[in-house]
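The two complexes that follow have subunit A in common; it is paired with subunit B in the first and with subunit C in the second.
== the complex of A and B ==
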């Protein structure tokens, strides 16, 4: 990736000719991988800063919530919001950035459909704390940090956990969605380029609610493996296989691949590398519930007609929720069973 | 004059002291189980009124999404019915429906929804009595289970509260 050398004078002329848009990026309950995926743009990111001025981006620059509060409503042109809404602070930031941004993008799987943190929706807050702060394992500070907390370092007011993780769209109105865990860097560049063109008025503005940086088909469509008639007699774990056929469809080999339900756009990198798709781009176009669609696809290719035989094959999937809803539990029709 | 239809969404929660009347969705196939229900009707066979029947062309048309949406909208139980496997008008679709049913029942159970809330039985076009008996059995089972936990009825939940004015007083931060 090279950029043509331009003199400062030329750069000024370009900046004068074209407006510089204000960009914010925030992480709520997320791992930070989405921020890293944006930083992975490398030189491209430097080019983007000619047209984009980051005004709030905790992962990359020093700006505080008070700075955002001091902005006018709608002052930020585009906010990329990654992470789910798990704490009262996440919800507050979502509302604040919604008010301050013209365009709010649910960026990445957590903001879009809950992702891995959403799997905790199967359990109560007490169970989550019991698992994370098991006193026998790691209770070094005493108590669980939730709300007011008398820490050894003084009185702290920490965010409190909400009853379940919600997606950004379940809390505030969102304009666009960029799927992926994290979104592929080249797709991020495409999205930023398209959004710049739309704001300049030189490109089409995607309709509200559109999914950007991804396709409308499934990962199977992008996958180059050979597909035949699928008849699954047993679900296998990849660790137990001596060898994975490099050319044959992974589902046909008995590996629970999420390709049939997952949205394309990633380039089917996992199956190309011999690992089953885990469905991080979320449900494909027109699907309300990722898990329902995937289990329907699996049920269609299971080679058994007697209940006992079907149950035996099904037992090869010991964690059905983890298999069918790894990334989408919080956005599923049952929201992981907690309101 | 028609009585107002109680859908899962309009069903009022049982008042204290009132017996629990479950709201149950029943999916039938066009060729067998719907005909069985029809036969039960023309024969004046009585069975509990808790079931709302929805006719599909085939039980193989049953998408798991329909069932999940039914639960999300407040159904206390969902019943899948269809042709006996050897009678299915679309060859093996009844078997595919059986597989989807077993897969979905396991997944629902892992999500905390009792397996008895998802039921399945076969009824041929001649089995009106069987249809009525099975419905009575299932309604009794669901009554014993009680209403579905309110947290499952997310589609009925109020949307998140409107955001308070964004321009909160600026707090001092380090």
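== the complex of A and C ==
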């Protein structure tokens, strides 16, 4: 594809020497950013296709559900599944790809923990429809959609929204997680390299359930901003701060940064660009509930001697659910707070 | 009565699906083009601080998060009625135009390239990016990857990240750029302009091919709709900011308005058979999925933008614009052929590249003055940009604490939903009669109709070797499959 591509002779040599594994990538309820992150591998992606045969990848190639259905169980070596489970159709695809794949990876924040669209779990399904098809803003005289519709020509299929968005792991058994919104392209290259080595038998096979393509520490540990021992008396919103010190910890400046709870691996790019971490890599190693961890981190940094002070300071956060569960509401112990 | 299903057509966070209904004589009676996905951003963004909106709404689309980031930041500015300092605004525009270079290049070469460069009659095995590279040379493939990379690098420098940028806030940007970063962008910008020139020359040479000429000028996807897009203060094409101008199919001006007044001009039709809405011109009215001056259907994106503006904002793009109209519509009335969109897109690619070059050479681009602190009580605001796929509007209402209480979003491709559905219908009608199903032709031509719009239903087809996945199932009136046609 480019001048840097390996020559056909080199490709043949590789193909002869090593087996070629079958790769699937699928997006359920997703934004496409995970697929773009994979495509941004550019030349590396072309090199990977020497060892990986994409057999199903709607973002990049021709693909049909019928072809997947026709495969043997376990025929796909690795499936990278991105997107959350929002509709009955998403759930059907999750079950199908689980059956057809030896290794199923929850790829990216949506599949792993629900991501931003998981915030919809804070609302009822009726509220979702009411906002999307608000009669004050839309022309709804002809009715609104959800599920099959009786057309004058017989029933038209349309998926039905499930009551709440689920993560992939809440629907089927998963083998690994790759966090990030989206996963950083460099981390994806590392994951594909490590998985190839594991299948070749030249590298270790990660234990089931492992988080791949990320660290085991926090974004704070990757962040280059200086941390003092400063405590904060109140949370601040960025539009109220006339000056943001370019070198000092954002949390110590009062901005509600998610760095203390978030898993490292992204390179702490947002704080480097002057924006607080929003926690897209999920909770760090060993932490089940992102919000609980972040809350305890905040409690340790606020300058309060009495519980009431802590409450007052936390009240400075206008949206606690969004702050503590921005990416993980669907996977959290709250499960979105509704049945 | 017979029903033909095409499922999946392609994807927008889900499938696109087409149902074609034939009458007893075997002619097309009706088509449905369905979008089976809804994630509910308008519901769950309520209750969030408005400064979170640029990060939250990025996640609507991972292909064009820059557009949502900018529309959200602008809406947040408007909520606080704060004016972004000159350098802050220039940085936003610089990021945004670099994004256009990346996005338009990807669409032209990777998605449409196979149709246009290989020609519609080339063997399928060659109608992909690899075939394109083989035909036009490895060097071109390298140029395309380099152009995408250059755009992404500028996005990362200014936006903090390559996908889902993080630096837009109410009042401006979280960071300025250093002189070193400026110099890096300068070098990339020169390459972008060169790449755009190369692309326009390539298109010129392709027009000599009759088959390509037919795609660009032909009748199959011609619809006499209204057109809409942003124009700047000189009535030129603009991407980051401007007024919305709407022209009628005959070129008469329907109106020009501030984006915040969109509700006086646009309504969205909800249908019970698809999750996506159909926007239409309120003052003309909803007449269904039909064209003509009496129907409120309008077209956006490159075709729409060039049709409403009186020219381009930069010199090399203007030169190309003049040639485009001299060739396609010497009187300057709107160009209606959807295939012309490909050409219009390359002209915009040039404007974006030239704009990157102009902005990065502005002496104030490295000024640290990139953010203003709002002083007014937040209320309500509209932020509108031209996304590559059409006018994108974010409208937020907040309480006095800047917490969102209501959201309305009209997303780029959504504006074109009606015209795309019409193109699908027209292709079906022209290719199916008296029960004769032109199988391959039907699939190919429907596919090419889609691609001209660069619909985000197929973020898929933005990307790599692109055959659209299609299976056509012909069913009897009870829904039993009679025959399955596959596109492999």
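Here is the rule we go by: the second predicted complex is superposed on the first by the 310 of 339 C-alpha atoms of A that agree within 3 Å, B and C clash if a C-alpha of one lies under 4 Å from a C-alpha of the other, contacts with A are read in each partner's own complex, and residues count from 1 in each chain.
Basically, contacts are C-beta pairs under 8 Å (C-beta built on N, C-alpha and C of every residue); 3 or more make two chains touch, one makes a residue touch a chain.
What you see is a predicted model; the values in this text were computed from it and never measured.
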Subunit A residues touched by each partner, larger count belonging to subunit B or subunit C: C
Subunit B versus subunit C as contact partner of A:35, first or second or both or neither: second
Touched partner set for A:269, first subunit B, second subunit C, both or neither: second
First, second, both or neither for A:332, with subunit B first and subunit C second: first
Which of subunit B and subunit C A:122 touches, first, second, both or neither: both
Touching partner for A:101 - first (subunit B), second (subunit C), both, neither: neither
First (subunit B), second (subunit C), both or neither touched by A:319: both
Which of subunit B and subunit C A:298 touches, first, second, both or neither: first
Touched partner set for A:65, first subunit B, second subunit C, both or neither: both
Residues of subunit A contacting subunit B in one complex and subunit C in the other: 64-66, 122, 319, 321
Touching residues on subunit B, where the partner in the complex is subunit A: 63-65, 67-69, 71-72, 85, 92, 95-96, 98-100, 102-104, 106-107, 110-113, 150-155, 157, 160, 163-164, 166-168, 170-173
Residues of subunit A touching subunit B in the complex: 64-66, 69-70, 73, 95-96, 98-100, 122, 166, 170-172, 287-289, 291-293, 295-296, 298-300, 302, 304-305, 307, 310-311, 314, 319-321, 324, 332-339
Interface residues, subunit A side, partner subunit C - complex: 1-5, 27, 29-37, 39-40, 42-43, 58-66, 83, 86-87, 89, 115-117, 119-120, 122-123, 127-128, 130-134, 137-140, 142-145, 149, 151, 153-159, 161, 181-182, 185, 237-242, 244, 246, 269-270, 272-275, 278, 280, 318-319, 321-322, 326
List of subunit C residues in touch with subunit A within their complex: 1, 3, 8, 10-11, 13-15, 17, 19, 21, 29-30, 32, 34, 36-49, 51-52, 55-56, 58-63, 65, 80, 129-130, 133, 138-139, 141-142, 145, 148-149, 152, 159-164, 166-167, 169-171, 174-175, 263, 267-275, 277, 286, 373-374, 401-403, 406-408, 459-460, 463-471, 477-479, 486-488
